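Please read through the structure below; I'll follow up with questions.
By letter and in written order, the chains are A, B, C, D, E and F; residue numbering begins at 1 in each of them.
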Amino acid sequence: MNPAPLATETLERLRRVATATLTTQLFKLGFRNTFLSGAKPVSPELRMVGEALTLRFVPAREDLAVFDNITKPDYPQRAAIESCQPGQVLVVDGRGVESAAIGGDIYMSRLKALGAAGCVVDGCVRDFASIRTLDFPVYARGAASPPHPARHLAVDWNVPIGCCGVLVMPGDILVGDADGVVCIPRHLAEEVARTGADLDDLEAFVLERIKAGAAVPGTYPPNEKTRAEYEVWRKKRG
Amino acid sequence: MNPAPLATETLERLRRVATATLTTQLFKLGFRNTFLSGAKPVSPELRMVGEALTLRFVPAREDLAVFDNITKPDYPQRAAIESCQPGQVLVVDGRGVESAAIGGDIYMSRLKALGAAGCVVDGCVRDFASIRTLDFPVYARGAASPPHPARHLAVDWNVPIGCCGVLVMPGDILVGDADGVVCIPRHLAEEVARTGADLDDLEAFVLERIKAGAAVPGTYPPNEKTRAEYEVWRKKRG
Amino acid sequence: MNPAPLATETLERLRRVATATLTTQLFKLGFRNTFLSGAKPVSPELRMVGEALTLRFVPAREDLAVFDNITKPDYPQRAAIESCQPGQVLVVDGRGVESAAIGGDIYMSRLKALGAAGCVVDGCVRDFASIRTLDFPVYARGAASPPHPARHLAVDWNVPIGCCGVLVMPGDILVGDADGVVCIPRHLAEEVARTGADLDDLEAFVLERIKAGAAVPGTYPPNEKTRAEYEVWRKKRG
Amino acid sequence: MNPAPLATETLERLRRVATATLTTQLFKLGFRNTFLSGAKPVSPELRMVGEALTLRFVPAREDLAVFDNITKPDYPQRAAIESCQPGQVLVVDGRGVESAAIGGDIYMSRLKALGAAGCVVDGCVRDFASIRTLDFPVYARGAASPPHPARHLAVDWNVPIGCCGVLVMPGDILVGDADGVVCIPRHLAEEVARTGADLDDLEAFVLERIKAGAAVPGTYPPNEKTRAEYEVWRKKRG
Amino acid sequence: MNPAPLATETLERLRRVATATLTTQLFKLGFRNTFLSGAKPVSPELRMVGEALTLRFVPAREDLAVFDNITKPDYPQRAAIESCQPGQVLVVDGRGVESAAIGGDIYMSRLKALGAAGCVVDGCVRDFASIRTLDFPVYARGAASPPHPARHLAVDWNVPIGCCGVLVMPGDILVGDADGVVCIPRHLAEEVARTGADLDDLEAFVLERIKAGAAVPGTYPPNEKTRAEYEVWRKKRG
Amino acid sequence: MNPAPLATETLERLRRVATATLTTQLFKLGFRNTFLSGAKPVSPELRMVGEALTLRFVPAREDLAVFDNITKPDYPQRAAIESCQPGQVLVVDGRGVESAAIGGDIYMSRLKALGAAGCVVDGCVRDFASIRTLDFPVYARGAASPPHPARHLAVDWNVPIGCCGVLVMPGDILVGDADGVVCIPRHLAEEVARTGADLDDLEAFVLERIKAGAAVPGTYPPNEKTRAEYEVWRKKRG
């Protein structure tokens, strides 16, 4: 749970590599289930990179999911949020529920104030319009008004969770862009950041070529000639 | 079906209280199922407050769901729309169907011309782009092109219906914002409008504090000190 | 598979008739299942009209859905794309899957360069933000990052497929607007283009009337008097 | 609502014709949506034929769906059951819910005592094992223990309803066997009973032939020779 | 986690009270979500009563969900099973997945050998036919052949879990019959066992009456006269 | 499409190895998606082993899915059935639809008469009760009465298809038992039959031990001592 911090270079690479590229590199390494399908960007223009801080909800029970309980400081939702370290992403197993919110602008603002890198919810958030103004990346299934105890009870944090059908271990690396969120197993972050940055460069070149009328065969994947041209292009670009 | 009209003050309060706050107040009163999950705003920048006028559809049958029938003035869909009073919201049990439209810009424009406060559909609408220009709040599951008799037959109006999994009685109060739509049982409207307005004020103060760096514990819910500061803030604000 | 090309007049009409009108005309002809429910516009401001070029995916198998195979020129996805003729719409049976992308900005740019009229996917696309800048109509269930072999294998093209629950035959006419996509059986295209254009004109007139305060009964469908006024309106309009 | 009773001959035919045959005959008449998909036989060995008595539920609300209300004689569920006439089938719009029961052995026994022909529920029943012993045909999505007010409120009876995606009008004819339940529009009952009985006879003959090794082409549908042999077979059989 | 054991009398009552009765009593106490919808009896003729021992799965990851890991003694699935005490029910959050099995006849036999009272799985089991012969109550969504690491990884046991949409705390009381499984919050077990036993007796009397032709009103709920007759009946019955 | 026939020994092994064992062996070879989830045995007491003959349906269109067309000998459904060779399993992409039948006792009887090994349908069948009497293994999602053209049109056979989310290539090996159906890529059939038979033997021994009170650790997977005892057991057993 306290692994060596990621190298700055790795983080910088992850900040500019597309999630499409990262899932492709993970696929090549044998990982077919790394995309948190259903977690859509509240603010598609923002990118997100950070380490997972996890939070787990279970179905509500009428005697436990009451405001007196859920407002205590040691309630797992509150404890997790207040524990948040700079650069972390709060990742919430909200059970895919679309009829209640896991939180709203108050909790998202608190996470931002603590230096969090973002928040990913397998469920919904309230105050959708307000969250869009926060300049803080949030990914969720959508908006819902009701308070979470109408459906959920928080029971754990900092444990492995499932989020949108994907395993998220505390410390895993979450990367988000307009396409959605990928969870990179921590020990693979350096590798996919590096190979992903290379692939992203290549795809930028390929896209230019295709737009200019090149056929897909020979261009992508590049044949020897295209590869050579790419090397020239890359050097020019710096 | 002809209850006393809501007080002007209640309506004014409901026009500025968030649906997130209203569902919270209803939850505290024991109501866990008041949010019409799935009905998303066509025009998220508009707010909606009004009394429910209900309309019920059932599955189409090939011999009944034909244009000759559905264009008669006493067809329930048409009768309901023409009966609409100023301040009402047409609430439609469209069975959650996403492959046909319950109506489009013509019906929405007619509702607007009659002074309706909005329209909520557990189903889809056509002419999505045009409806966005109407300055009339519509909530639906999304857009669909096909005419409703491809899937539906209207059979009743002004009866209790289920809409997006929530009971809507004629005369209930529907409130919508960017997060979605809440149905307030009519006899509770005055109470939740009043307590909701108070909570909304408090949350505005809390949000300011959290953005300024306050921790959640002590701030929300407010401890005695925060509560006192809030009272000062509120008086200043007027 | 090589039917007579559509008349220019038919294509022009289809470019301005709403999909809501087209599905209505098809419904009147007995076709209740022509709307590709779930395929939403990536760029809602664009319209699309073209002939279907189909592509079929099946579930991936770990030994076949590998990059070595899917990058060969005769891989059905690549063969279909490179075969695309001006005016065609690539229609993809992506099995409704939301956890992988059928393609991204490279393939969409290639289709555009070839003169394709658009792309419809019963599944997801990557590079969502980039595709929005292409001025090329794409319809899909949403965005997803992972490469298609994580879920799919392409096995066939130019065969009848199901797409979003609708039969699409090669050569059928696909029309898309902000409401979504309709598939018109090819032999009916001329007829629904013609009758649809008439209905669209009438509905424009009706909408004006309704906005001006007319009641639905008598206006839509028009009674004799309204019909006469419409004829005057239409002549004025030219 | 008080149409002429069905002829005894029609009822007798419906008691022996397969639902597969009846849906086929309805399909030939243009009806594609007559099968109550999801309503499975609790007792597959029983057959059911009767006239629809309908009952409609909506989502529960905590202040209305309470035992004090739902045990009143005029509560729609109770009123409908006590109103049941011999030969009727209680058809319940239970909203497809699988987490609560619409009723159990007490209500089913009451219906049987009143001479009801059966019960069809778009939802669940409790006391599954006990109902299986009643010699009374019940069709439902499955078993569930909780009382209906945990999810539902009855609001109407003797009105058109949707049940398992099919329109059921009061007085329509419900027929059930091991494959499930078909709803026959009342005015078509005589016709499909008659043509269905003929088709059922033919299919019995065809099945014998196919089991004896005949190929499908020529046998089903029968060519002239097979048709002639069938006529002989039918006369022998009486 | 080590509460006082349940009284023998409570356990005996729970062994004969229907789950329909228990969910009714819980509903009256304000609990609307106690039924594990989707967990169907593999052996409907068996009843189950026991205390929850919980086990939690999350989505598989290709590098962790491998046989080398999942066969270690401290793998949570194995640790939970070997820890099982007589009278416990293993309750498994199998994420509702129907394409892999959580276990089969070997694990169920081990649980039985340890004196477990049963097993409830929000997911599937393999060796369905063999499990039916074990005289051991198992509830699951159905049968599936694949080993669990194809979809799952066990990460925790003896923690609160969601199972079929219901909160299950370690030590809660699970009761199962042919209708399905109810989870009784432990502190309510004595109360609902007692009141449930009374209600079950009454309903047995009511069912007799209804079968004999009594109307529902006056019989259920019983009016004064029926209540008196019931008291006589109950005394006779002993 | 005309690979070497499977060895008799392979077929014999597959006839006695559990599908749970086969999916386990395939998982060890890297195949995580081989189980046709949702295809349940109509006759759970039968086993099935055979080579895939595939058939593909797409959504119906009102002008094409008519009896005149679907009864022609070259209609793909009929052509596929009549082409069936001894030992083949007809595998049908029925699109998961539960509101229409792909076929009934006539088609299943014809397949049996032709020596087919069974039939697997990603969809429903009619004549459920009759099919149960045929001594012919059929796997489907359940029963439904309506004829297939109410929902489907057959367009292809002997092509790769998806069935219940799994790729099935013509010639792949389908094995079914009470747990369901696994599709074995043809080139792996010999290997998994052989290793599966060994594992099945071991598991039979392990089950005996566990039932006799052995703990799971040490027994399964077997440690050296258990492995030695197993070898003795196996030799005794012959």
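Assorted remarks:
Simple rule for what comes next: a residue touches a chain if its C-beta (ideal position, glycine included) is under 8 Å from a C-beta of that chain, and two chains touch if they have at least 3 such contacts.
All of these numbers come straight from a predicted model, not from anything done at the bench.
Between the contact lists of chain D and chain F, the overlap consists of E. Interface repeat of D-F: among A-E, C-F or E-F, the matching pair is E-F, sharing over half of the residue-numbered contact pairs. Counting the residue numbers that touch the partner chain, chain C and chain F have more than half of them in common.
Put simply, chain A has to spin 120° for its C-alpha atoms to lie on chain B, with the angle rounded to a multiple of 5. Chain centres here are Cα averages; for chain A and chain F they lie 39 Å apart.
A separation of 37 Å divides the Cα centre of chain B from that of chain D. Averaged Cα coordinates give chain D a centre that lies 32 Å from the centre of chain E. Looking at chain B, residues 32-33, 165 sit in touch with two or more other chains.
Per the contact rule defined earlier, chains pair up in contact as A-B, A-C, A-E, B-C, B-D, C-F, D-E, D-F, E-F.
For chain C in complex with chain B, the residues that touch the partner chain are 18-20, 22-24, 27-28, 32-35, 37-38, 40, 44, 165, 177-180, 182, 203, 206-207, 210-213, 215-217, 220-221.
Per the touch definition, chain B reaches chain D in the complex via residues 30-33, 58-64, 95, 153, 155-156, 159-162, 165-167, 185.
Put simply, chain E touches chain F in their complex at residues 67, 71, 73, 78, 81-82, 98-101, 104-107, 109-110, 113, 126-130, 142-147, 149-151.
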